[in-house]
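Structure, as structure tokens:
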Amino acid sequence: MGKIAVLYDSLSGNTQKMAELVAEGARRLEGMEVRVVSISEADAAEVARKADGIALGSPCNLGVMSWRLKRFWDEQMEPYWMSLDGKIGCAFSSAGAWGGGSEITCQALNTILMNFGFLTFGLTDYVSKTASAHYGAIAVREPRDEEVKESCRKLGERLAEWVGAYIDRNPGLHPLVREPGRKRPGA
Amino acid sequence: MGKIAVLYDSLSGNTQKMAELVAEGARRLEGMEVRVVSISEADAAEVARKADGIALGSPCNLGVMSWRLKRFWDEQMEPYWMSLDGKIGCAFSSAGAWGGGSEITCQALNTILMNFGFLTFGLTDYVSKTASAHYGAIAVREPRDEEVKESCRKLGERLAEWVGAYIDRNPGLHPLVREPGRKRPGA
Amino acid sequence: MGKIAVLYDSLSGNTQKMAELVAEGARRLEGMEVRVVSISEADAAEVARKADGIALGSPCNLGVMSWRLKRFWDEQMEPYWMSLDGKIGCAFSSAGAWGGGSEITCQALNTILMNFGFLTFGLTDYVSKTASAHYGAIAVREPRDEEVKESCRKLGERLAEWVGAYIDRNPGLHPLVREPGRKRPGA
Amino acid sequence: MGKIAVLYDSLSGNTQKMAELVAEGARRLEGMEVRVVSISEADAAEVARKADGIALGSPCNLGVMSWRLKRFWDEQMEPYWMSLDGKIGCAFSSAGAWGGGSEITCQALNTILMNFGFLTFGLTDYVSKTASAHYGAIAVREPRDEEVKESCRKLGERLAEWVGAYIDRNPGLHPLVREPGRKRPGA
């Protein structure tokens, strides 16, 4: 079955809490092997290398990822460049405030994944009337509100769906097949 | 005195409400001439051309500005390219949800302004514990919460401060002079 | 077999020439059904809707896509939102100069595709010592240099590879399988 | 007179060469105090703090700045946040190839500057028929071609112009005053 890595850096613990929710969502698909791993763990690069899909999370620091997360990709992942093409990736970020740069950080995280040849995605679905994760899941500080929590879970679930449908070649896991009644907001 | 244009496109009226709040903030500085103008008004390009500072607002549609706002710059503003350098600019956007792309839309709006030679800025200040406008002011749908409203006003106020300090050459309007007691959150 | 749409807007013809090269690259994979279509053609939205993969191209106007291309997605594609998830997408753009915003335009094009639920990608490979298409293929005006032309073709080829490997479920088309000797520059 | 800091990180020496060219351009305005400083120098943060304008340069690593440059802002500059508002900033970056992410890196550098309250800008002017620095100056590896070199110099010159016109309050240094005959390409 598919392997999912939820790879994150966290200083305050907020992004770590998002990571756990993303993993919770990925586990909604039976049989997925889901691992939550901090970049400070010794085998983080190895876990990332072996994963079929990666959800990459960082605190939003100055509208960009943390320097530690960047160093991890520059140094520990760099040897694997040109050998990871075709993995599936997505992003999540916690900022100090709405408007604080979490979306822009997700975009920068997706840029790194794209540079490594990943296929990157966001969610079309609205999780609630006021929460979405179109370019990655975002939170202000710790994810507390149920809608923010669910946007993290839903991101992980979608990652598992793409890994299942495309890498494990199980078309029944495609979200348009799994959730045929998906509706547009207001529809 | 300085001339401020709050230039926007709005279909639902949400971005228009943000525009009015941005203008309200700009008027906090006495003597500023502030004009709120929709791109659909006949003299919008003329108002923009004459302004010293522009706050540019758009609905977030697909994570980018509305096509109407883009057409306005491509067609109506294009003749003025190379003659507007040095104006001061900032951005605001309303999206359907948090995480829906409003920050990324502000970044695209700033890109247009930068292409025209504007000096673009965001707010350092947090407006409240959970609201900032680091790269432009953002709202979900209509700006209803006081902190969202104040982030719009504060953006307009800052625009007026930069126009006053730099274009009108009134150093007393520099925010570090006007608000010497500005504090970091938590400080 | 897989269906590829190379969907573009072009005023000067430069982006159209890129589109033809992207299609040429996609046709390197036998059996792919490749269609080059301008957004001004009557059936453009229908072609896009039916495609498994879309390469989306726009002139770089003010560091963002053309307003016509944006209108196409806002109006003609909008009814299909929430029903296109899982298609594969990539971007290309011609600008007036290096440094003129073509990369940033590709990023905005990818943002639209991501909003529609596409999995978006760039090339890891360097096409030559000085050309890559890490976030989409870029050109200055008309694609004339062989390395620029090849970066367009290679983007189309990769799109066909992902469509073949993931949507047609033909693992032999995965680039790491097709090109096992891929090397890092300088390696 | 105005103080300009050209602040950079460089591993290969390519970005350093760009920095020297940016400084050369800034020195075209008489009386500007221009300092080129690597982030690894002991007084880099102090030089940045005292500058009126900063040109910020980084290698493009994975489409984002180097982790060292990010760490510098996260750690050494962080104590000055909320006290640097109103400085003027711009960006430059060297990548391995055209299309390799240098524009996107400049955008991320501008994001950091904007977070710190800087007014950020790019060049409207084309330096030659095929080179511009609309969102920052970019180079492939070492800046060798005259047009790439001149785009670096022109960026520095413009930074000095804005510092002179807006912070030193010398309206004669405004580029529209200094270069009244500026023409559009092809005009």
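Lettered A, B, C and D in written order, each chain numbered from 1.
Note that in this section a residue touches a chain if its C-beta (ideal position, glycine included) is under 8 Å from a C-beta of that chain, and two chains touch if they have at least 3 such contacts.
What you are looking at is a predicted structure, and each value in this text was computed from that prediction instead of being measured.
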| item | value |
| --- | --- |
| Given chain A and chain D, the chains that contact each of them | B, C |
| Comparison of B-C and A-C by number of C-beta pairs in contact, larger one | A-C |
| Centre distance in Å when chain B and chain C are each reduced to the mean of their C-alpha atoms | 33 |
| Intercentroid distance (Cα basis), chain C paired with chain A, Å | 24 |
| Where chain A touches two or more other chains, by residue | 63, 101, 104, 107, 111, 114-116, 134-135 |
| Residues of chain A touching chain D in the complex | 61-68, 70-71, 73-75, 101, 104, 108, 111-112, 114-116 |
| Parts of chain D lying in touch with chain B, wherever the complex brings them together | 81-83, 85-86, 88, 107, 110-111, 114-125, 134-135, 162, 165-167, 169, 171, 174-176, 182-184 |
| Contact footprint of chain D on chain C as seen in their complex | 63, 96-104, 107, 126, 128-138, 140-141, 151, 185 |
